[in-house]
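Here come two complexes built around subunit A, the first alongside subunit B, the second alongside subunit C.
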Partner chain A sequence: MKEKVKHTLSTPSGDKLWKGDKIFIVLMIAIPMLHFALFTLYVNFDSFIMAFQDVDYTAEVNTLKWVGLDNFKKFFTEWGENDLWMRAVINSFGYLPVTVCVMLPLSIFAGYFLYRKIPLSGLYKILFFLPSIISIVVLAIVFRNMFDASIGPINWILENIFKMSKDDIPNWLVDEKYAMWILYLYAIWAGIGYNVVLLFGAMTRVPTEVIESGRLDGVGIFREMFQIFVPIIWPTVSTMIIFGVTTIFTQYIHPMVLTSGNGKTYTIAYLIISKVNQGRLYYSAALGIMLIVIALPMIEFTKWLTGKIYDTVET
Partner chain B sequence: MRLSKGTKTLFIIVSVLFGIYAITLVFPFLYTLNNSFKTNAEFISDVWSLPKKFNFDNYIEAFEENNLLNMFFNTIFLTACGTFLSIMSASIMAYVLSKYKFWGSSLIYTMAIIFMVIPNLGNIAATYKLMNNLGLVDSLPGLLVLYMGPFGSTFLLLYSFFKGISWSYAEAAKIDGAGNFTVFFRIMLPQARAGIGAVGFMVMIGVWNDYYTPFLYLPSMYTLATGLQDLSTQATTTGAYTQMFAAMVISIIPLLVLFACFQKTIMENTVAGGLKG
Partner chain C sequence: MKKFVKILCLALAFLMMFSLGACGNREDDGKIKLKISFFKAGFGDEWLVKTAEAFEDSHPDVKVVLEGHANMEQLVKNRLEAGNADKIADIVSITNMTFYHDYIRKGYLEDISDLYEMEVENGKKFIDVVLPQFTDYVKVNDKYYGIPWEGAVTGFAYNKKMFEQYGWEVPTTMKEFFELCDEIKSEGIAPIVYCGGIAEGYFQNIMLSWMFQYEGIESGEEFFALESADVFKKEGRKLAYEQVAKIVCNKDIVLSGSKGFDHLAAQREFIQGNAAMIPTGSWLQTEMSEFLEGFPNFEMAMFAAPAINDDGKDKNGNDLTVSVGNGDILAIPSKAANKELAKEFLLFMSTQEMLNLYVEKTGGNPRPYVYEKTDWSNLSAFGESVMEIWNSAYNIFPYSNNPLYLSGDIGFWLAEAGQCVTYLQNSSSLTEGISRASLLVNKDYELALDKLGK
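So, the complex of A and B:
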């Protein structure tokens, strides 16, 4: 991204725009800008307004009324009623260690060995990439089938090969003790391949002289991986860390396609979307505002923090 | 460079570990494919066995009973038009903002960047309300409108792409009497086709696989994604598993064929895509 700055902004027809240029610009950007005005500017503005409104159910015709902070209060009441929100917050924040502490090191490790061209690495690169082009719905269905209580191969193996009795084998995606863990497993299983390919790509761009001089100094494989490669490919690594933090607030698709929230697998974003689906738009808007207020500083802080580490390294 | 014995052993161990993971990726699909040729009774009695004979009844039924053709049509229509509109919208903004300086141009750019940072989960409710008021819920064109947003990672990539294309081509064309539109459509767009192609492919996969948008905004029509999800929930109650397997196999084939044909380009673009971080 840094090299972008180097280009000077070229004005096509000297410093002055001709009349023809102006007409061209207006005609070209009219529709995209209208979209931006409606679906970004207006929608964000309206979200803010909606958070303080609700449908007036007492009126005969559907009208809106100002409700002050009622929508926000409703959230805290709901929070106190049962462990729904508590679980959602815990489940969502669980994605952070899963992506940053498990998936990322594993991806660096795997990307490195692909870079070193271990046996069959060409084939693995293709296979690891496959989940990223297959529909998440299809991936989720095949994954779910593996863990299914009646048709799943995993339970079949546990029952017939490990001779576990049927009652001891959990119904993985329904049992609240296991369901969320299976979702995290899915996140790693389906998501790691794309990271591996990206990190592999970043590693191939590292100048070979750097690697060779390290090897002459007798640097071992693991030091090479984490002390030479990681600092140099830091921009890619930090993007993944930032993504990991963002996932906390945007992860809704896993519960949606794997469990429909059963087994207490809901996440914050999943609950916000399900409120929209239930027609509770104004309550959902208030939840969205709270989400942004918490998410934005956290994401920006992560950006700042990852920028601090190895900020001298240029790619 | 020669590898020491220890390194070689390590490489083989890692290769085996990779192999195990690769099997977990491939096995579920083989399971699906294998069982899609069985009758339901055959499948329930033994999920492991090979089909007694390859019967394509499930495939025929999937088309006849489950409206698969309709799902395909909707998905293809949305993918073709959605990708085109999304790329057009992003390229136009990227081109105009990177090449023309006009009143408000830097303001538009700054605002676009600022709003990209805000997770759009915050405004789902407002977007739904707007779509509803515009009468766009439950219609295919409505979804296309949603896909048409100009600003996103596509915009950023195309912006730096157009920045890198020299303006002297345009000047030469202008001396020959070409107007702004000719310059954009005849000179700049073709020059950017490598970038547009790479970005376009990612957008295309995204739209084809999109579950969330049709789930929320297309409640009474099915795309492949929402249709399959419904089929799989139904299968757990009706027990019509093998039919669902057939439908799944059919739905993956187009993307697999596409991937097989353009595997090299797609992979190279992804590998290079790391640059955007």
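So, the complex of A and C:
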């Protein structure tokens, strides 16, 4: 059944590589390699060193000094001083259930119904994907205005249709009780379209023979979805789960553009960025290393786990 | 043909790599070029354009090249780090204090201590012209690597027309302030709007003013030195917390929705006449200039943070009004091409004529220098009131030379991660707000004790 593609070192037209080609290839690869060495390897190496250094402001002339684990200790002191860090960790880990348990199933459903060509599915496709082609910052402005106290439609509806008094309506993006939930809502709203399009694309590649034979055997809609579609598109789904886990450690744009951390909406990454902006570079480097120590095993574990659930289905 | 395409690709790739490095200063009309890279702030660049023109008039052999950008801070940093002498301007602006210290440590900035001893005009040295409260933050290791750039005034802005219409008086003490609030409220207008959703409602500058005003100059400066945790016990701090609590926790005097406003939203409400006063700074007029065009009948002015004591004096019985200003720095990189000329330009900027020009072109923003001119009636009412505060108040720049402050480990407001206004405004009642204020004082002291010791 399967065709094997033969890979040889030759141009598509079959000519053998000549010397000039090799130089060309080496040069072309050299540029990204150089980029990688400078902006990834060097930067990471440097930040590793920075984690154990700090500026000595007490010296006559400001110099760098080795401080051992002081930068790491600072973190635990800060943790004890106020609840900023703890809230940041909780907020960040909150993104995991939001992306994996809420957004992913929603996207699978939406993708599936698009695939089943429900009425107006073309329109839905556009509506779902529209937020993904608009810059996240523009989206955030639109989203923030929806919840704005003076011009936002949501407050207007609550005031004029549900007859709530202006003082009873919370300040959605400032109030500690609501702000983080609104951010999660934004994550779903802004992220779902992208997921739906990816999943829809994966679903269209599911062989129709498999689906048809399933239907002939009388498979219902839910069985079809969970026992045929999900296993076949599992590589796509598992990639999304892994992205969901990395979100815990990398999410900073949402709080940055929507709340600037107000209403206790800091995430781990955004808090580190705010330390960088305060100029506390050496402390931030230590924070970054601590983050890697926690994040890497978690992501590797997720990879291993998602690989266990379904064996990759051969089609 | 194929080979040709490949070579072309390669050539293009190299061209792309090196094209960025090729933009040198080619144009040459025999004049010395003085290049200035500056942060283009909300108040625009007209002040510098005019200053440069005047400088060129008095120095016919010089051409001043200006480069203003809202993101200049990062550009300057990149260029200084890269160290390419061609790209480094003769004068750069620096707004981030940590960067400033970093540059000095790495030797990027020229020591310009001798500039402070040079004559500006009429026998006056530079050190006599610059305000002494604003020289501390540019001084590092007992040397000067920059000069103070902009000053600014902070306090409350008020709706001038509205005040005239109802015959309200500008308050000078907090007692008068709260009485005025009641009066305004009785007319059915919200007394105050503030931006609770961002930047701690712009209250922190005013809080420092209150504290400093109550404590007096000596005790206030003792606080900024942050030598022991005891400075956090100063009565003025507690009173400053309480004043904020009395404002933000009182639903009757704050425009509803203030908790959630960002600074622009709050300023729009103020200009639309929905509230009579707003905590802000002298940048307000230029920041909102576009929006203000829609309200030709609107007129505003500013007053400094009212005194806490009923007699308007500090705790020692001295007359004192305080305004917290901005800093920002102009400096000369050590790799600059025309250092002496750059110094000359900085001196030129500090002459009375140029200082006055700065105020006029920025809609009433002072530089932290001694102004001889006292009549500012040529400015708008807002600019005039700003300059009046500037001339009559003790202008301070909140800054400490304490190493812990420089490294970012300690600030002036410690509890609740420094977000004290947010913490206060979330109180459910005025009484809770007041008790939260004393909680904050105790927490501040505890945290300071850990860091500074007794």
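As a working rule, the second predicted complex is superposed on the first by the 279 of 315 C-alpha atoms of A that agree within 3 Å, B and C clash if a C-alpha of one lies under 4 Å from a C-alpha of the other, contacts with A are read in each partner's own complex, and residues count from 1 in each chain.
By definition in this document, a residue touches a chain if its C-beta (ideal position, glycine included) is under 8 Å from a C-beta of that chain, and two chains touch if they have at least 3 such contacts.
Remember, predicted model here, so these are calculated numbers, not experimental data.
Student: Looking at the overlay, what does A:N44 touch: subunit B (first), subunit C (second), both, or neither?
Tutor: In the superposition, A:N44 touches subunit B alone.
Student: Who does A:F24 touch here: subunit B (first), subunit C (second), both, or neither?
Tutor: both
Student: Could you tell me if A:R215 is touching subunit B, subunit C, both of them or neither one (first, second, both, neither)?
Tutor: In the superposed model, A:R215 contacts subunit B only, not subunit C.
Student: Now for A:H35: first (subunit B), second (subunit C), both, or neither, which partner does it touch?
Tutor: first
Student: By residue count, is subunit A touched more by subunit B or by subunit C?
Tutor: Of subunit B and subunit C, the partner in contact with more residues of subunit A is B.
Student: If you stack the two complexes on chain A, which partner ends up touching A:F200: first (subunit B), second (subunit C), both, or neither?
Tutor: Touch status of A:F200: first partner only.
Student: Of the two partner chains, subunit B (first) and subunit C (second), which one does A:L291 touch, if any: first, second, both, or neither?
Tutor: first
Student: Between subunit B (first) and subunit C (second), which does A:S135 come into contact with in this model arrangement: first, second, both, or neither?
Tutor: A:S135 sits against subunit B, while subunit C stays out of touch.
Student: Regarding the shared-chain residue A:N171, is it in contact with subunit B (first), subunit C (second), both, or neither?
Tutor: Touch partner of A:N171: subunit C, not subunit B.
Student: Which positions of subunit A sit in both the subunit B and the subunit C interface?
Tutor: 20-21, 24, 28, 31, 260, 275
Student: Would you mind writing out the residues of subunit C in touch with subunit A in their complex?
Tutor: By the definition above, subunit C touches subunit A via 3, 6, 9-10, 13, 17, 96-99, 101-102, 104-105, 140-141, 196-198, 251, 256-257, 259-261, 265, 269, 403, 406-409, 414-417, 422, 426, 447, 450.
Student: What part of subunit A is in contact with subunit B in the complex they form?
Tutor: It comes out as residues 1, 4, 7, 9-13, 17, 20-22, 24-25, 28-29, 31-33, 35-36, 38-44, 46-47, 50, 110, 113, 116, 118-121, 123-138, 140-146, 151, 153, 156, 189, 193-194, 197-202, 204-205, 215, 221, 233, 235-236, 238-240, 246, 249-250, 252-253, 256-257, 260, 269, 272-273, 275-277, 281-282, 284-285, 288-289, 291-292, 295-296, 299-300.
Student: Considering the complex alone, what residue numbers of subunit A touch subunit C?
Tutor: Residues 20-21, 24, 27-28, 31, 54-55, 57-58, 60-64, 74, 77, 81-82, 84, 148-150, 166-167, 171-176, 260, 262, 275, 278-280, 283 of subunit A touch subunit C in their complex.
Student: Spell out the residues on subunit B that touch subunit A in their complex, using ranges where they run on.
Tutor: 1, 7, 10-12, 14-15, 18-19, 21-22, 24-29, 31-32, 43-44, 47-48, 89, 92-93, 95-96, 98-102, 108, 111-112, 115, 117-119, 121-130, 145-146, 148-151, 160, 163-164, 167, 170-171, 174, 179-181, 184, 205, 208-209, 211-212, 215-216, 224-226, 228-229, 232-233, 241, 244, 248, 251-252, 255, 259, 263, 266-267, 270-274, 276-277
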